[in-house]
Structure formats: C-alpha cells, structure tokens
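These are the structures in question, set out in turn.
You will see chain A twice below: alongside chain B first, and alongside chain C after that.
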Partner chain A sequence: MKRFAGWTLASPATLLILLGLVAPVAATIYATFGTPGGPFATYQAFFSSGFRRTVLMRTITISLAVTVIALAVGFITAFVVSRAPGWLKSVLIIAAVFPLLTGVVVRSFAWLIILGKNGIVNSTLMNLGIISEPFQMLYTQGSVIVAMVYLFVPLMILTLVGVLEGIPDDLIQASSSLGAKPFATFMQVIFPLAVPGLIVGAVLVFTGSFTSYATPQLLGGEQVMVMGTLMHQQAMVTFDWVSASTIAAIMVVITIAIVLAMTKIARKLNPMAV
Partner chain B sequence: MMPTKLHPALIGFTVLVFIFLVGPLVIILGSSISDTTYLTFPPQGLSLRWFENIFAMEAFRRTMMTSLQVAVISTFVALLIGIPAAYALNRHRIHLPGWLSSFFVLPVLVPELVLGFSLLKNVAYTFNAPLMVSLIVGHTILILPYVIRVISASLASFDFSIEEAAVSLGSPPLKTFFTVLLPNVQSGVIAAFILAFITSINDVSISIFMTGPGLSTLPIQLLAHMEQFFDPTVASVSVLLMLLTVGVMAVVERTLGLTFLAK
Partner chain C sequence: MHKNLARTLALAISVGTLASAAPAMAQTKTLTISWWGFNGEKLESLVLAPFREQCGCEIVFETGNNGERLNKIQIRNGGGVDVAYFSDSFSQQGIELGLFQQIDQSKLPNLANIYEMAKDPQDGFGPAYTIGRVGIVYDSEAVTTPVTSWNDLWREDFKSSLSLPGITTTAGPMVVLKAGLYKGTDAFDDDTAAFEALSELKPNVVKNYNTGSEMINLFSTGEITASIAQDFTLAQIQAAKPSVVWADLEEGSIATLNTVNIPVGAAEPELAYEFINFILSDEIQQKLAEEGVDAPVNTNVKLTPEQASIWTYGADVIGSLERIHYGKMNAAKGGWVDRWNENFGM
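Coming up: the complex of A and B.
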C-alpha cells in the first residue's frame, strides 16, 4: 500500500523524464548506429574529418582551460568569502548570486561590449595612444575562454564557500601554532579538505563549458567552432541530422564519463563522502 | 576565538574578482542609457529611448510574451509533478528503489542541447507535435531537478509525525496536504518557483531548437538581434532582465535568505 502510494506520487515526474528525456535522447543516439554504411559509419565519418577532430579537441582545450582558471580563481575567492565577517559575507554572496541568476545571453553580451572592435578595451588603448588599430579580440579562443570563466566563477565560488566554511578555524590555527607556514597549512590542511567540493565544481564547469552554445556562438562565431555550435549548425543550418546526432551522442558519452570518473575519484579520496 | 588572518594579497585578489564579476553588468547598464545609436561605454548623453525601442519592436514584444507564457506554464507543471515526487522521495523513501532519486537528476546530466535537439527530432518532428508543446516539455524537464531538490531540502526538516497526527484525527489527504504540509514547506515552494521561472526565462540551449515561424523566445531573439545589429536595444533588454533578477533576489531574500542558494 505504502509502496503504491509512493509510486503514484512519483510517477508523473518519472513518466515525464522517461518519455520526454530518456526516450527521445535514446532514439537520437540509437539512430546513429542504424545508418546504411554500418553501425559505426557516422562515427568513422566524424573522426576521419580533420575539421571535426579539431572542433572536438578545441572544445576539450577550452573546457579544460576554463575549468582550471575557474577552479583557481573560485577557490581563492571562496576561501576569503568563507572567512569574511557575517554582513560582508552576505554582500559577497549576493554579488556572486546576481550574475548567476542573470542569463547566459546577457552575460556573454557584456563581453561583446568589452572586447568588441569599438569596445572598451580597444577604445581605452587607442585613447591612450598605445595602439593605433583596434585589436581583434572577438572570434578568438581567448575571448571565448574569458567569457566562460566569467560565466562559471560565481558557480565555483558558491559551490566552494559552503565546503570551506565547514573547515573550522581551530584546525587552521592548530596547524600554524604547530609551526606550519601559511602556504603549508593551505596545501596540507585546507586543500585536502576542500577536494570533494573542488571535484563537484570542476565537473559542473567542465561539463557546462563542454556543452555550451550561446557564449561560443556570440564570442567565437564560425572561427571558434565548438561541439555545441557545430551540432547546432549541422542540425539547423545544413539539416544534416545524422551528423548532429553523432555529435550529440559524443557529447552525452563524454559528459557522463566525466561525471562517473570524477564521482569515483571523489569517493576514493574521501571515503566519508557519499 | 580569533578568526583566521587573511593575507592582504588574498583580499586584494578577491576585490579584483568581484570587480570582474560586477563590472560587466555595470557596463551593460551604462550602455543602455546612452544617447548614441551604437553601443558605447561610458554613455554619451543620457536617454531612455532604447527602452522605448524595445516595446516599439514587435519581435521583442512577441518573444517576451512567449517567454513569459512558457516560463509560467512549465514552472507550474514542474511544481505540480515535482512536489509529489519530492514528497514521495522523502516520505516513502524505503518503499521506492534507490535509483529513483538519481533518475530525477538525469536532466542535469544530459546536455541541454542534446535534449533540445532530441525533442525536435523525436517529438516535434516525428509526432508532428506543435513546437510550443515541445518547448514547454523541454523547459519542464530542465527545471524539474531544481524543483525536486529545493522541495526535498525543505521537506528534510519537516516532521512527518505532524502529518500523521492530522491523518489519524480524520483529516482527508488533500486537506492534510494544503493545511499541514504546504504551509510548512511554503518557503521551499517559493524558492523552487523562482529558480524554475528564472531558469526557463533565460534558457537558450533548448529553445534554440524550438523556433519556427512565429515562435521564438526572448533570449533567442536577443541572440539573433546581436548577430545583426550592435545597438543599445540589446543592452536595454538586458537591463530589463537584470531588473527581473533583482526582483527575484528580493523575494528569495525575504523568504529564505540568499545564503540558502550557497548551500
């Protein structure tokens, strides 16, 4: 009876995910194996194209760079925020939440104004007489990375503040009163305790960057094609749905593999964690 | 107890990071009130004409209405099916399989673009379903995990013996739900509503596949406009969206406190 009640209440949500997510996505992936050239023909086509391999490698490179920078910046900032006095901590958390609740399009657009040909960086440098011609910053890998770091740093800060708050001050003081230099305390006490949070943050940022669309589209365009923009182009511009499905399948496999691998590493490093 | 002393370099770095986080948004605000026909910062002369321009442009008005409709409907549906699911997960945990709570996390795991494309290909196209329906289904799936998580968090501190007391005193299930359970998780429901609504309004990756003749959402229209024009209209639409965020944060602060979001 109780089991029945539980299932009854959970079934609408379960059915929606089953019929609206699992079935359509499975059908997309399944279709990539049913092409006339044999079950793996579309994958052979993907990996034998130099351009597509470049896109895949570029997406991985950008995502890794964004993850590493966001980890470093987010970790230091979250540590300071976690040690800030009460009122200041609230203000800083609000300042981190605000961008997070502001949409991706708006936040990427800000970087168009900053990095554009007549943008703030170029006009300032030209007014100062440092350069005479505007710098080409848009449609480069660098501009995509900067805008994505901007997108993900708040997420990293919020993920890590909670973890770092949980490290008691006594522990840090015990370490320094036993003679550890601040850097040693950081590396041997704070860092190991923060590893589970760092892994969660890294997974969120890597998978988020790897599958992003709006930011690379706006700041990278055709020149900095990534998996997301290539998939959209194949699906909606050239209407090559088989190729789009193949890219979709590769994105799903890589995303899930990263999540599983990182969860496994997190468990190994911290047997106390769930 | 003395709090840990922070090195001045760490504090300086953090200040820079927060300037980096807030600065670009200030720049959008400044550009939106410029009197020029091109985007510039600092603003040259003040004018609100770009705000008027939004409402003069049919495409922005139409997509704004579509976005609001989609966000309201999908948030409502997600709450309608998410609250019972969260309740079942907390109240009937031992009677449900362990994988079910992970199952509800699937929409976070599957890339949004893949979901959007799959809905287009295997729902809208195969079954000839209207794009609007696919769009709402996509958004509902996207926000369902947030709803279930936030409601579960507030149910975790709910004492189910109160509910049992009401039932044993003869209160019918629906009445128990509305008079005992709901008031206790009210702030969680409000937070879930807001997070869901804002996620739907801002979504690009699903909506980008669900555009067709006469159907598009505000962020997609913004993207399209940006690729063609570079005028302050986009900045003023962005400011409107930021004002929405401010309003949302004010409500969250009143109901739960914003630090809730850091947990």
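Coming up: the complex of A and C.
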C-alpha cells in the first residue's frame, strides 16, 4: 500500500521527465535506425569517414583536457577557498562565480581579445622582446581549450568548495599529529574524501565541454571543428537531419560511457564515497 | 402561433447574421514574413509601417539565417510563412525542395521597372529585390601590392592573414569554383583540382567565417588583412577599419541576388503579391538605397555617387557581374562540404 502510494505520487513527475526529457532524445536516436541502407548505415557512414573520426577524437581530446585542467585548477582554488576565513571566503566565492554572470559568447569573445595577434599576450611578449612576430594562438585547439577551461572552472570550484568544506579540520589535524606529512595527508585523507565532488565536477565539465557549440565556433571555427559544430552544419546547412541525429546519438552514448567510467574510477578511489 | 414562429425565425436569422458578420468585421489579415532580421528598425519605418497602412493588415515575422529559416519552412512542408527572403543559393534549394510556388508576374506590375537579371532569376519563381556582389576586400595599409585577381589569394604575402567564407555560407561554394579556375578547370566538372588548390591556399587562411560580423571582427582585431566578402558588409568593415578597400578584380565580381518567394503553403498569397510588388516600387527601392539598407534593382532609382559607392548600382556594374548556376552548385555542394571540411578541419 505504501509502495503503491509512492508510485502514485511519483508518477506525474516521472511522466513529465519521460515525455519532456527522455522522449525527444529517444525519438532523435530512433530516427537514425530507419534509414534505407539498414539500421546501422548512418553509423557505418560516420565511422568510415576519416574526417568525422578526427572530429570525434578531437572533441573527446579537448573535453578530457578541459576536464583535467579544470580539476587541477578547480581543486587547488576550492581548497584555498574552503580553508579561508569567513569574509575572505565570501569574497573568493563571489570572484569565482563572477564570470558566470555574463554569457558564454561574451566570455569567449574576451579570449579573442586576449589571444589575438594584437592581443594582450602577443603585445606583452613582443614588448618584452621575447618574440619578434605575433604567435597565431586563435583558431587553434589550444585556444578552444583555454577558453573552455575558463568557462568551466567556476563550476568545478563551486562543486568542490561544498565537498571540501565538509572535511573536518580535526581529521587533518589528526593526520598531522599521527605523523603524516602534508602530501600524505592530502593523498590519504583529503583527496579520498573529495572524490564525490571531483566526480560530479568532472562529469559536469566533461559533458559541458563535449556538447559545447558557441566557444568552439568562435575560437575554432571550421579549423577546429568539434561534434557540436559538425552537428549544426549537418542540420542547418546540408539539411541532413539523419546525419545530425547520428552525431547526437554518438554523443549521448559517449557521454553515458564516460560518466559510467568516471563512477567506476571513483568507486575504486573511495568505495565509501560513491 | 404562426406569427410567433415567424418572429422567432426572423430573430434567429438576424442573430445568426450578426454573429457570422462579427468575426469578419473583427478579423484582420496577417502577413507572415520570413527574413534575416537585420536593419529591423529601418525596415520597420521604411517598409513595414507604410505597407501596414496600405494593406490594413498585421505583419508578423520569422527571423534567422538562411539555413535555419529554410529548415523551418521545409519541416512545415512549405507552410507557416507568406513571404520568404533568401539569398539565391538558398532559395534555389527551396525551389528544388518544392517549397515555393510559381509566381504570376501579372500580379507584380512593378517588375516592369527592375533589371532583367532580377526579374526572374530562377525560372518562374520569386524576383530579386536587391543585387549584391561577392569579391575580395583587403587592408590597403597592410597589403602593399593591390589585389587585382582572384588568383592573388594564393600569394605568399597573404600567409596566415586571410579569411574565407565557410562552405556553409552563400559565398563559400564560390571559393571552390575560384579554386578550380586557379588550376584552370571548372570545379563542376573536376573538383579534385579545385580542392588541390584549396589545400595550397590553406596556409594563408586564419579562419573561415560564418557571419559577416565575424569577418568584420577579424579585420578589426588585426587577425586578417584580406577576405572574400559580400559588398553589403563593406560599409561596416570600413567603419571598423577605414583602410579596407574593395578589390577591382580583372575577372569581375560574382552576382548575389536576394530573392523574395511565396511558399507553397502561404495562407495569404494575394497579400504576399501585394507586399512583393510594394518592395519593388520606385519609392521603397529609392528609400532603402538612400538609407543604406539594400542596393536597388529598380532602374528608376537615382543615387548620388556617394550614395551609390557602397552598392552594386547601375546597368554597367550589374551587367559586368558573373552569375553562378545554383542548380549545379547545390547538386555539387553536398560532396564539397565534406571535402572542404577535410581540407580545413583536419
């Protein structure tokens, strides 16, 4: 009776999620199996193209690089923030969140100014006499990674601050008083307890990077095409919705695979935490 | 009893008549226009307000770039819109997809005053309301040797300083044709040579742009010194970088026509004809050209040299333009997109 009441109460929300969130994605994926060449023809076509394989690998590489860098930068920053005194903590959190108050396009445009031929980096290096000609930094894979790290680090910091704040100071002091050096304390106490936050942050950053469109379009363009920009091209220019749906389906599968892999890694690092 | 019945019937007929007339009196026709959305304020005051006054109708819009809007019309099987503005490469795609209806030219009396090239550019479908050019623009301060040919794009002094329109834009596939000519072939017949030429051009290209504003940014931030461009962007480029000039190419520039079409599922086709005829009129074409919105196709429009300087204007200029066979281009474009991506994206 209790179980029945629970299902009854949950059914409107479940129905809403199924119809509003799952059904559109399922319909998109379903459409890719009904092609004249057979159920997997569009997937064969995708993977038989060297260019499309390159785009897929590039997207995964960029997303992993962004995730790893964001983890490193975000963890250090979040640790400092979590141990800061009250007022300073508030200031640091506001500073970290501040970029989120502007749009993705504006934040990406900022990097056009910083990394441009006449941008701050090139001008400084040339004024210091380190280089004689400006570097081509924009419209490269590196510029896309840098801009995406900037986009996603605040997300990582916010996720990790909450987790790191939850680690009691007593534990760290106990570790030290038992003779553990700072590095050992970090590896054996702090890091394992932070694993849940790291996993959530990593999943958020990876999926955000993997599916991003505006930043790769602005800072990479056709020269650094990723799955999002390729999908847009297929849908909006060549009107090949089946190919676009195939790309979407591949992205969904890879995202799920990566999330599962990360969860598995997390379990190994801290079986109690996940 | 008989009298009562007659009275009741008369009352019922009167009420019925009034009830059926009331919605007709309240109903206002609505014209739905699909267009880019650029120059919205100017178009509102110069075109839409006077047309509303003329037709006594409501006007609603669907905005977005060519591909997005054509996609929407295709998804609705040619419905949802009464007048559709497109650049000719995209309207040709719409025609091939069966989305637009044949035009009855007798319903467009103002066609009599527009250039032959604009009257019926796609064999029976909508006219062009403006004509533009695709050519090369370059920064005359940074480029010491003037650009005089399409082949100059391959010059060594343009290394890492060029932008091309992306293959997905109106002008993108034209680059493939010009690359073919660089190798002495017609890319429609042999695109291998064209793509060889594009791979030779790759070191010169910093970025391929997808919107005019993106290309203007590339000039203003100093990333590029030359680009292939459409002339409607020239004024904005020069506002950002005054030293940029339009190259006088010995082979001539390429014509781009923006067309207006009536989709097959248009709810108000007669209103659509009225609107198309309106935007081709002497008065509207004159105002749009003077206000820097669109180049005129109406032969009665008279512009001062200063006003004309930013437009593809006058019989001589229009007569010198090269036309592209969009039927052939659209047929080839699918394969070109993949090869283009492989060239610039790997």
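We adopt the following convention: the second predicted complex is superposed on the first by the 234 of 274 C-alpha atoms of A that agree within 3 Å, B and C clash if a C-alpha of one lies under 4 Å from a C-alpha of the other, contacts with A are read in each partner's own complex, and residues count from 1 in each chain.
We adopt the following convention: a contact is a pair of C-beta atoms (placed from the backbone, for glycine too) under 8 Å apart; a residue touches a chain by one contact, two chains touch by 3 or more.
Keep in mind that what you see is a predicted model, and the values were worked out from it rather than measured.
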### Query
When the two structures are superposed on chain A, do chain B and chain C clash or fit side by side?
clash
### Query
Given the touch rule stated above, what does A:269 touch, chain B (first), chain C (second), both, or neither?
neither
### Message
Quick one: is A:5 in contact with chain B, with chain C, with both, or with neither? Answer first, second, both or neither.
### Response
first
### Task
Kindly classify A:116 by the partners it touches after superposition: chain B alone (first), chain C alone (second), both, or neither?
both
### Message
Per the contact definition in the header, classify A:79: touching chain B only (first), chain C only (second), both, or neither.
### Response
first
### Message
Between chain B and chain C, whom does A:222 touch in the aligned arrangement: first, second, both, or neither?
### Response
second
### Task
Go through the superposed model and pick first if A:184 touches only chain B, second if only chain C, both, or neither.
neither
### Query
Where does A:253 make contact in the superposed view: on chain B (first), on chain C (second), on both, or on neither?
neither
### Message
Is A:57 touching anything from chain B or chain C once the two structures are fitted on A? First, second, both or neither.
### Response
neither
### Message
In this superposition, which partner touches a larger number of chain A residues, chain B or chain C?
### Response
B
### Query
Taking the superposition as given, does A:239 touch the first partner, chain B, the second, chain C, both, or neither?
second
#### Entry: Contacts on chain A seen with chain B and repeated with chain C across the two complexes
112-113, 116, 118, 217-218, 235-236
### Message
Considering only the defined contacts, which chain C positions touch chain A in the complex?
### Response
65, 67-68, 70-71, 74, 93, 160, 166-168, 205-210, 214, 217, 221-223, 333-334, 337-338, 340-342, 344-346
### Query
Across the complex, what residues on chain A touch chain B?
2-3, 5-7, 9-10, 12-14, 16-17, 20-25, 27-28, 73, 76-77, 79-81, 83, 85, 89-90, 92-99, 101-107, 109-114, 116, 118, 120, 123, 150, 153-154, 158, 161-162, 169-170, 172-173, 182, 207, 210-214, 217-218, 228, 231-232, 235-236, 241, 244-245, 248, 251-252, 255-256, 259
### Query
Inside the complex, what are the residues of chain B that reach chain A?
1-4, 6-7, 10-11, 13-14, 17-18, 20-22, 24-25, 27-28, 31, 38-41, 80-82, 84-85, 87-89, 91-92, 95-96, 100, 103-104, 106-107, 109-115, 117-123, 137-138, 140-141, 144, 148, 198, 201-202, 204-205, 208-209, 219, 222-223, 226-227, 230, 234-235, 238, 241-242, 245-246, 248-249, 258-259, 261-263
### Task
Please name which positions on chain A make contact with chain C in the complex.
49-51, 54-55, 112-113, 116-119, 136, 138-139, 217-218, 221-225, 230, 233, 235-239
